[in-house]
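Structure below; questions to follow.
Labels run A, B, C, D and E following the written order; every chain starts at residue 1.
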Amino acid sequence: GNSDEETTESGLTKITVLRSLSSGFEPLYLAEQAGCFEENGLEVTIKPGAGDTAQNIPSVLRGDAQFAITGSTGVINAAAEGLPVRAVSGLVSSPTDDPEQPRVSGVLVPADSPIQDITDLEGKTIGVTAAAGYSDLMIRWGIAEAGGDPQDVDVAALPMTSLVEAAQTGQVDAIGVFEPFMSAGLGAGMREVRGADISDHPGLVGTLIFSSDEYLKEHADTAEALVKALECGTEVANEDQDALHAVQREYTEVPDDFINNQAPLKHWTVNIDGDLFEEQASFMEELGFIANAPDADEMLWKNAPRP
Amino acid sequence: MAESKSRKAARRRYGRLAPRVTVLAVLLGGWWAFAAAGVISEDLVPTPLGTVRAWAELVVTAEYWNSILETLRGAAAGLLFAMVIGVPIGLLTGTYAALERCTRVLFDVLRTFPGIAMLPVFLLILGATFTMKAVVVFIACVFIIVLQAQYGARSVTPTIRETVRAYRIPKRLWFRRVVLPSSIPSIMTGLRLAAALSVLVAIGVEVLTTVPGIGFRVTEAQLGNDSSSAWAYILTAGVLGFLIVVMSELAESRLLRWRPSSRLEM
Amino acid sequence: MNNVQSSANTLIVEKMSKSYGSGADEHRVLEDLSLRVEPGEFVTIVGPSGAGKTTLLRCLSGLVAPTSGVVRYGEVPVSGPLAEIAVVFQDYRASLMPWMTVRDNVAFPLQGRKIAKRARNDAADEALDSVNLPGVGDKYPWQLSGGMQQRVAIARGLAYSAPVLLMDEPFGSVDAQARFELEDLALDLRSRLGISVVVVTHDIDEAVYLGDRVVVLGGRPARVIDTIEVDLGRDRDQIATRAKPRFAELRTQVMTEIRETSISSR
Amino acid sequence: MNAYQKVRAGLAMLWLPIAVLAAAWVATAAADSFYFPTPPVILEALIDGFRQDHLWDDLVFSVRNIGVAVLLGSAAAVCVGLIIGESRALTHATAPFLTFARATPMVAFIPIFIITFGIGAAPKIIVIAIGVFWPVLLNTITGIRGIHPAVRETAVSFRIPKLLYLRRIVLPGAAPQIFAGLRIAIAVALVLMVVSEIYGSSVGLGNYILESGARFQVAATWAGTVVIGALGYGLSSALILLERRVLGWHQERPRKNSRPKRRGSPAVSGVFASRRG
Amino acid sequence: MNNVQSSANTLIVEKMSKSYGSGADEHRVLEDLSLRVEPGEFVTIVGPSGAGKTTLLRCLSGLVAPTSGVVRYGEVPVSGPLAEIAVVFQDYRASLMPWMTVRDNVAFPLQGRKIAKRARNDAADEALDSVNLPGVGDKYPWQLSGGMQQRVAIARGLAYSAPVLLMDEPFGSVDAQARFELEDLALDLRSRLGISVVVVTHDIDEAVYLGDRVVVLGGRPARVIDTIEVDLGRDRDQIATRAKPRFAELRTQVMTEIRETSISSR
């Protein structure tokens, strides 16, 4: 973190945010388009970060950017190893109230698969997008909650676009996907297996924005401003599906018909549920993914918005 | 007279080219048949025509040329460092037996080490940056160069050593006019191999991370289900590597004009 | 007057022995060997393979030190390569540096003496002229035939302008025709430049044809078996001289002596 | 060589590696960087990896894949190389395409292979085998073209039948080059092994370093890296041993311009590598 | 009876010409050349370097086809290598396979004839005995001296047990002493085994010493300049024979002829 903060001539604070590549970053652009950043005294440069968003953590620690997107598991992993990072703001959380709302992520199996419910996933091979990411975790969590052995499952990282194909050709037994590939899979006749997804943990944070502890100590006001701006961005995202799709079309390589056919997404929120965060961490400890589950204040910025 | 000579040369060139054109046709035909047979979905293996079409679209974009430039920049930076550091180390260890002995185990271990395995570590330390790419390229190339330079320095024949001694040639002349030139063929071989490798490694890094360049475009196109573009980029990489091999051979044969015959009939 | 000059420029070997290795591994090659080469004299040294001819030449040139006894040039002990002694090695192909042009090869020893480039090149061209190779200075050694390469090696010795020229089996690997020409060249250089020439060979005909004196080495360790004065006059002719009955006699004498020593040393 | 001399020779070779290790230790301890754990910490992670994690399974998986792939790839390459190399016309006609194939990044094809052949061991073996194929093929061809014409001529004049000729003349004659190709191939195979386990795998050393890296378990990542390095060193040492056995005649042959003896000839010789005239 | 056998085993060359290349690139090497080698005869072929001696031998052995004219062995046209003709190549170092032991090298041609391993090895050991190399069968060629390697190459020719042995400059690169021994070995083998031997050489002394007849090649393209019957009897001795005045006469005759052709062809 650099104390002599850069400002523009018009007095805006300049910051850089690393985004994810495939999804979850949309509110950033929507906030930019709606002028939310400027309103809060910020000039934000949005840069594509690493393919595996966990790699954005070292980038922020190195000072390549002040803020970045990653998954909740990334922050927990980092905190467990003692890396000084804190979640600042949520972006995507599992919907808290409406069980009827279409899901934006989940586990899919081919239509003719013998897998009927979550317990059948035990002993199977499941394709996901990133190793040690949250799909991996949710699947194991789901199996554990259903009374199975969370260790007895093979999780393999595959390129996002090949997930559906891989499941249909039988390379994997099931896949953990999110939009827009979720819709694509369902559209291709695949079946959803409930119970092993973030949606089964209402309020759990999927994607979030984090920064380094050091930076936050010196620039709390900048972080506050960013949270405010993102709040504005997430509102747009929840309300204006067309604008959301336009951003996806512009900033991802996902084919247009995938984007047009996806379910309406209304899960955007800046709030982070600290208790759920801790619960997730302690499950990761149980699984042996991390040695010691960190406390909420080791993972969350003290001023992070909470529900 | 001159005309008939040039016509003959042309005929000979055609005679040399014809079998290669045939092989090219067979390869393209095989590819087309494979893609058309539909054993593998067209999302993964496009037809040659589709690939060419995708390439034609790409070749007019700045993005295409920028990626090539980025890849080359990373490869060149790593290669340059490998050369600047590898050649002197190789010559020194090749000239002085004691140095060779104490570095042998170290080099043997490091040489076999796959630089790509350091990628997770480098990602943590350096991030998905240009520097990281250059460093991985450097690690992959430097030992080839060191070993070839070492081998070259030791290729000074005993007879030449003896000649130099009998004619009382001073040490600095010996290094500049004997050791260096006699190891240049070997160093050139090392550089040629390292040059081809550097592009491969740079692209490998780009495929696995998000450092801009051809490799990144390949993954991006694959993510977007655009296999034709992905293949167009992969083949671009092949052409690039091929050109580097051919050009470094040309450079080699120019630089080593004193060598009687530096290549096989191929 | 003549006598004084003679002794200052005489190459003298006195009771010299040479062993390789030491202790139990000691391999005695030359024992108690004495020899004089007067200015302007042409001495040939013959002996069976492995006798120690090359070893003797290396001692004469100061490349290796004798185990006991002395080698002197006039009053100066030969304790390292001298500027007054030029050497032409057995393997001309390996002793010419392939990365230098013919001229550079010939001029290279002079560079060690800090002679200006202009003067070096002039001296090299002159030396090339005197071995009948005018105008090849800009070629590379491999562009010349074996016989021509050997002349370049001789020219290098000449350009060094030393009063003593030592040559180790200089005509061993060129064809018969070229060999005749090189032999005559060596005789001619001796007459024109007045230098002393020592030629090691295992070809008995050649030893007799060239030498004013033939030194026969033999035994294990090797000693001087015999020294034969060749009374065929200074002007020699490949066909006429070799056809002389006296030539056949001398040849038979040398051959018999070598045969005997190599049988007795078995 | 007596014991004292052996120790001295060993020290002359080993003092620098030991010094480098010691320096690394001191430097990492002094820097106290999150990314550079000290050697004892890495060692501890290594032992933990084998004891508690699945590092042993990962190693077995990787070793099996790379072993099978190198065998398959090089066997195929030598067979094809014999056919191409024995014909001057075929050698000439295919040369640019072989160079091209070798210059094409196999890494970029890995996702395609995984989708096509599944996420098990098969696609990894295929990818590695293809990666191994090109350098061995190119070197086999170079080796065959480099066999001295006098050897060929001898075989013809003594009316040696074709199969016998291939088996006892061409193959051993090209063997030094083939081994040089194998040495390059092993380096390529290691890279492809790691990368193929980063994509679409739940086991393997590549997966191990990927996962531990993603979890910021830096010591474990370094430990995995060390295992991969050791695997590489082991494989190339095994190759050198094999080469010594097979090429005993070649190793001990006094070189024309007797270069100091080394373990194996230098790493490289491409298709354009030269036989000097 | 004797006469019939003689003609069946005679190697006959009739009006043979040989060119390399064709059209404007044609390089005529041998022209209108006729030659007979009777059973048991020792024929030596001399000529200046590049005359076409090796080319002639390759035609005789069936390795290359003449451009016009015929080569016959008795009534059989030599259109490819025959089992009745064994060849010893000029470059013995390259023609012995370094990866086979000496015994395997010698036995290898027999393996092509599907002779059992036992019998092959026995034949090889016998051939090694007859070239005075007992007990080296398990060594590798590089463990032997040049002269010994050349004997191995000769033993390989002998083991093939062909009635005709062709040798191309077989003693060119061994030292004088070894050369004498190999020459006497060749003469001895001819007498003991009754085979015909053709030796190509550029050493005039050797040609005269060995041959029953010396064939002198010369001119561009090369023809047979002269065929000289060597009337020195079948028993030759290195010292006595070479000391004979008739030897010197014959040598001078050959030398003069070669000189003239090589001067006239310049």
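Basically, a residue touches a chain if its C-beta (ideal position, glycine included) is under 8 Å from a C-beta of that chain, and two chains touch if they have at least 3 such contacts.
Chain by chain, the UniProt names read as follows: B, D = ABC transporter permease; C, E = ABC transporter ATP-binding protein.
Predicted, not measured: the structure shown is a model, and the values here were computed from it.
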| item | value |
| --- | --- |
| Shared chain contacts [chain B and chain E, defined touch] | C, D |
| Target chain E, source chain D, minimum contact steps | 1 |
| Chain separated most widely from chain E, comparing mean CA positions | A |
| Inter-chain centre distance, chain A versus chain B - centres from mean C-alpha coordinates, in Å | 40 |
| Length of the line joining the C-alpha centres of chain B and chain D, rounded to whole Å | 17 |
| For chain A paired with chain E, centre-to-centre distance based on mean C-alpha positions, whole Å | 85 |
| Separation of chain C from chain D, taking each centre as the mean of its C-alpha atoms, in whole Å | 50 |
| Per-residue overlap in chain A, given as positions that touch at least 2 other chains | 55, 159, 162, 165 |
| Of all residues in chain D, the ones touching two or more other chains | 111, 115, 198, 210, 214, 216, 218, 257, 277 |
| Two or more partner chains touched - positions in chain E | none |
| Touching residues on chain D, where the partner in the complex is chain A | 34, 52, 111, 114-115, 118-119, 198-203, 207, 210-211, 214-218 |
| Residues of chain B touching chain C in the complex | 157, 159-160, 162-163, 165-170, 173, 177-178, 181-182, 184, 257-260 |
| Partner chain E, residues of chain C touching it in the complex | 48-49, 173, 175-178, 202-205, 238-239, 242-243, 245, 248-249, 251-252, 255-256, 258-259, 262 |
| Chain B residues within the chain A interface of the complex | 41, 43, 123-125, 127-129, 209-210, 219-226 |
| Residues of chain E that touch chain D when the two form their complex | 61-63, 81, 83, 85-87, 89, 91, 94-95, 97-100, 108-109, 111-113, 140, 142, 156, 160 |
